[in-house]
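Read from first to last, the chains carry the letters A, B, C, D and E; within each, the first residue is number 1.
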Amino acid sequence: MSATFAILATWTVLAALGAMALRKPVHAALSLVGALMGVAFTYLNLGAEFITAVQVLVYVGAVAILIVFVLQLTRGEGVEGESLAVQPASLGLGIALLVTGGLIAAVVFLPDWRAAWPEKGDVALKRLGEVLMNRYVVALEAIGLLLTIAMIGAVLIALKRPDSQPPES
Amino acid sequence: MSKPLDFDAAEQLAMATGDVEPEQLDHDAPVSLPPPGPRYEAVPRAASPAIPEPEGELLEVSVGPHHPSTHGVFRMNVVLDGEKIVQLKPVFGYLHRNHEKLGEQTTYLGNMPYTDRLDYFCSLSNNWAYALAVEKLAGLKVPERAEYIRVITAELTRLVNHSSLVGFLLHDMGTMGTPLMYAFREREKILDAFEALTGARMMCNYHRFGGCRVDLPPGWLDQVRTIVDNFPRFIDEMERLLSENEVLIARTHGVGVLPPELAVNAGVTGPSLRASGINYDLRKVDRYGIYDRFQFRVPLGEKGDVYDRYMMRILEMRESVKILQQALRDIPEGPVIDPKVRLRNFTPPVGEAYGRIEAPKGELGFYLISDGSKKPYRYRIRPPSFINLTVLEDMCRGHTLADAVIILGAVDIVLGEVDR
Amino acid sequence: MNALDQLFVNLKQAIVGWFPGEWRLGVSVVISAAAIVGVYAGLFAITTWIERKGLGRIQNRPGPNRVGPFGLLQPLADGLKALIKEDIIPQRADRLVHTLAPILAVVPVILALAVIPVGRNMVAVDLQAGLIFFFAMGGVKEIAVFMAGWGSRNAYSLLGSMRAIAQMISYEMPLVLSGLVVAMAVGSLSLVDIIEAQAGYYGGVLARWHVFTPWGLAGFLLFLVAATAEANRTPFDLPEGESEIIAGHMLEYSGFKYALFFLGEYMGLFGMSGLAITLFLGGWRAPFSFLEWIPSWMWFFGKLFAFIAFFVWLRGTLPRLRADQLMEFAWKFMLPMVLLDVVALALWQYTAHWSVPLAGLWRWVLSGGLMFVAYLGLARLISPRRRVGPRTYRFAE
Amino acid sequence: MIETARNFVGSYYDPARFPTIQYPEERQPLPENSRSFPILIYDGEDPEAGLRCVACKICEKECPPQCIYIVVERDEKGRAKRHPAVFDLDISVCMGCQICVEVCPFDSIKMDVAFEKAGTDRFGRMLLHKQDLARPNEYFHQIHPTEAAQSDERVGKTKKAPKPKPKPAADAAAERQPSRLAA
Amino acid sequence: MAPLHQYLLLSLLLFGLGLAGVMTRRNGLITLMGIELMLNAANLNFIAFWRHGPNPDAVEGVLLAMFAIGVAAAEVAVGLALVIAIFRRFRTVNLDEVQELKG
């Protein structure tokens, strides 16, 4: 358990816990940002610099702001932050514990993951570019298309349509 | 003295619109008297448009009273729907000093220093308006040299007012006070000239009933001639700042349009009225003082938006410079005050009088009722910036808060005059 | 490479040499970090002085000249004032978010400065994806602005922070794209490689900077405009526009926290101008071959001071754009122009090995022409003059 | 943009573009007519006896903000002497409009040019008494030479002073007679 | 760097927290955040296995993580648009109060 990894792990888990458990949605959003930064530095710890930059740029730069904006838009009537303990909580928590417990058991009892770390520098960007353009060009075009469609879809869903009838509740 | 103004002024007001074929922006076109233009019938004031059904909830914002961009203590209760202004209620009175009631308890002479504090940007034209009203009341004659001095000081205050106003506009729009400093640099020279003449830079208290308090000190006319001769350089500088600045054009074109009918109905006077294209300048309508001896022209705007109002001020500064050059050229020698006028216990005959002049902000009028005693019975002031302010909401509706700040700047209010 | 040029590099090697083996890495990291924070904080002090003196002189007044000779101690006085001023946390404010915001406004910007090469092999961290890292750190600033706005629980500061975030996001797109145009031309995201690609001289005299190519010039201008908007400088300093929402998200801050926000803003300014210098003006390279003898870091900081003077000049002259004009300008003008800049670069690259006589001129006409036509078309689209038309003023007698 | 560049460069060599005056060190010479707050003039050396003011209270009545307070000195039999016992002037109220100077028939109150009268408390320093207001005629000649010459000429005529004052060349412009001794 | 299974444990913890958040919290936004966390956990696994993989110039791990980040961004955009539409329609963000299935 190297020192840096320990600090990073505790930071990320605590922030993720905060993101889920904090009462006020804005506090939850900000601790989510902490968790995302923690994950980004874990990538750095694993030696993948490019993905760190992409993760920070995409998640912290854009997604977090999006969440925060929508939080502002929908701060209207919703009660400030309802308690974590909701009656089906025990059910939900039970399922979550079941799933993660099983996975953790799988990881712990399969010993051959303990092989040593091979020597590997970060992937050369030029090579990443070439691979993207040669073997996975279809995937690249597909993700481009997906993002465009998602954006158009999001805009249409959230559009203020004048004819939408006034909310009754 | 010009023919005494009889009280069918309303008749003149209606016919006072000259319609002249459009000319390009050149300054030396031959001058000709305009034929009486079409009359503007009193169009019933359009009911203010119903407030469109707001989708989001309205945001009530109160701008001022010590907001950095409301020139003085002035508050605007603005109801915003998102970015657009839906309703704007100006709130003022913070600087009310009971000027008119005070006027009834002080002698005629004692009121003169208080008129400096009305529109503290142009004290000399306030003095002149009050002196004009009292002279009309008492039927006094003013010697030639005093008339020339009055025209010179009034036009100098117009230069001061218009130059600092253009500076304030650009400051409101965000330049860190740079054009304001240029305007103040020019204003300082003129204020030094006032101090040399009257003893104080802004609170001059210089005009008396029947003339001026003290004669021109030696060398004063040359000092003013140098100021007036290199003033056009500053006006060109300001005009270049205004006309070639893309950001400024984007922010002032088509903002705060004042339709001519609304302007006439609301009694707006001064550059704001002329920016909407109505040819009404008291110096031409009343021909008070000796303005009929000078050759100058009245610029008229086309669209009546904020940009036009500022070009009005720039063009009027050019005209004032022309008037000043002519006045400085042929100012005669002679007494500056009618010696028969009593200074203390000045008791005008019973009666009433309304004296008005073209102050830089509009038609500044003093209405006096005298009951023969040393103190006026009724002392009423027609404040141009207060009346120009009544149309603020009509101009601001539909614009954003940033525009409201600029429209307020263009109306050119000074709180001393608005609150009295 | 003469001694003066490598002065700081040798100095650092010497210091690192004193320490035993395994300490070396830690010490060199500490030295680099201290160097960055020290140099840029000093630059921050000098910039406040330059800004106040420059603005003063533009407005025909001397600017600060009382505190120390020529007012040189004025930044010290400002810093002291900021320290002494009472640090008020509004009673209803959310304490944690309120106090965390200024820290989050400064730290990422300093991290971004670590990536910019200041001189020949004088770069703190030579990341393979330096450019993307820089923009990533720029993204974190928005979170700080939101926290400041939301933390102080005040209608005006919330409104101001929303405007600031909207402005930053809409100008981040052109900024990142114009940066990537250079990365496309050079073929690498590392800033050191980008400067490497600008080595050499046209005809032995003029440096091969990207700004002397059509797509480079257009990219540089677009990057500059986007950088001004990103750093909230004058034509775009809407968030702290005094005439509307007084100080935007920084409304409820006083004392040292307010100074921290300014430190963050100026560091952002250095970061943006540093990146503009690296991408388009050949980083620490000399413009002409015969000026090669001046040390490399002097070139970098000289260009940085030129940028600071330009921003001060901008701040003294241009009025502020309105919020909706700001957004319209970003989405209707900047974004299409940057995308066309990519096309212009493609044209430039594709016609690299033309055999036509005076190929250079043709390439310039082709790629530069495309950008110019695009500029004319788009400028007409959003220009206010077109909507309103010229003004004629009538003169009644 | 070029405008500000021209001004920036201009401020270094063109004095017209750099009008700043460092106030405490350099002072702009005040024009001759400049006025700030009133002072009382006395002839000769003794400020008490030579005071021109005869306590006629005209200025007290005419002053718009009523900031002058005069108490006439009475000799033992109660008859008023032509000399003020108390002459207080509250310069926090006075607006420097110099109407008192115009209406004073004895040229005893004139306008000073000194404007640095800031004080810490409103009642102590702002209320000037007779001693603080009194200034010799020479000081008056120093600050307003032409006006002093005219006032000396007037004072010389009305008082028929024992020693004839040297007649300063009357100013070319016909001087206004400010004060007809109103009934 | 710690042995591989500790990275797996970290990502699983993140995944568990995300799942718990999604299951228990009623607020639509917190649910979206939970999904974000789960996606991040998956990415962490990709990078861990890419780093642990023997083939030095294998690049698929990093590639997959990049694509996953892209998809996640698209997903959040659509999710938030849905939340806004629900809020405008039902004036509330709590998902369990949104039960009517009327068209």
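Please note the rule applied: contacts are C-beta pairs under 8 Å (C-beta built on N, C-alpha and C of every residue); 3 or more make two chains touch, one makes a residue touch a chain.
Everything quoted here is computed from the prediction, not taken from an experiment.
Here the chain-to-chain distance from chain D to chain E, counted in touching steps, is 3.
Common neighbours of chain B and chain E, by the contact definition above: there are none. For the criterion of most C-beta pairs in contact, the winning chain pair is A-E.
Among the chains, the centre nearest to the mean of all shown protein C-alpha atoms is found for C.
In this assembly, D is the chain whose CA centroid lies farthest from the centroid of chain C. Note: centroid distance chain A to chain B, computed from Cα atoms, is 63 Å.
With centres set at the average Cα position, the gap from chain A to chain E is 5 Å.
Chain B and chain C have CA centres that are 45 Å apart.
Between chain C and chain E the centroid-to-centroid distance comes to 34 Å (mean Cα coordinates, whole Å). Residue positions of chain B touching 2 or more other chains: 178, 182, 185.
Residue numbers of chain A whose C-beta contacts span two or more other chains: 50, 54, 62, 160. Counting partner chains per residue, chain E has no residue touching two or more of them. If you check each pair of chains against the touch rule, the ones that pass are A-C, A-E, B-C, B-D, C-D.
Note for the complex: chain E touches chain A at residues 1-10, 12-27, 29-30, 32-34, 36-37, 40, 43-44, 47-48, 50-54, 56-57, 59, 62-63, 65-67, 69-78, 80-85, 87-94, 97.
Contacts from chain B toward chain D in the complex involve residues 106-107, 109-114, 116, 178, 182, 185, 188, 192, 195-200, 203, 205, 213-215, 217, 237, 240-241, 333, 335-337, 339, 342-345.
The touching residues of chain B, when paired with chain C in their complex, are 18, 20-25, 29, 31-34, 59, 61, 67-69, 83, 170, 172-178, 181-182, 185, 245-251, 253-254, 277, 279, 281, 284, 297-303, 307-308, 311, 315, 400-403, 405.
By the touch criterion stated above, chain D contacts chain B in their complex at residues 3-4, 7, 17, 19, 30-35, 58, 62-64, 95-99, 102-103, 111, 146, 173-174, 176-180, 182. Residue ranges of chain C in contact with chain A, taken from their complex: 97, 127-129, 132-133, 135-140, 142-143, 146-147, 150, 158, 162, 165, 169, 172, 187-189.
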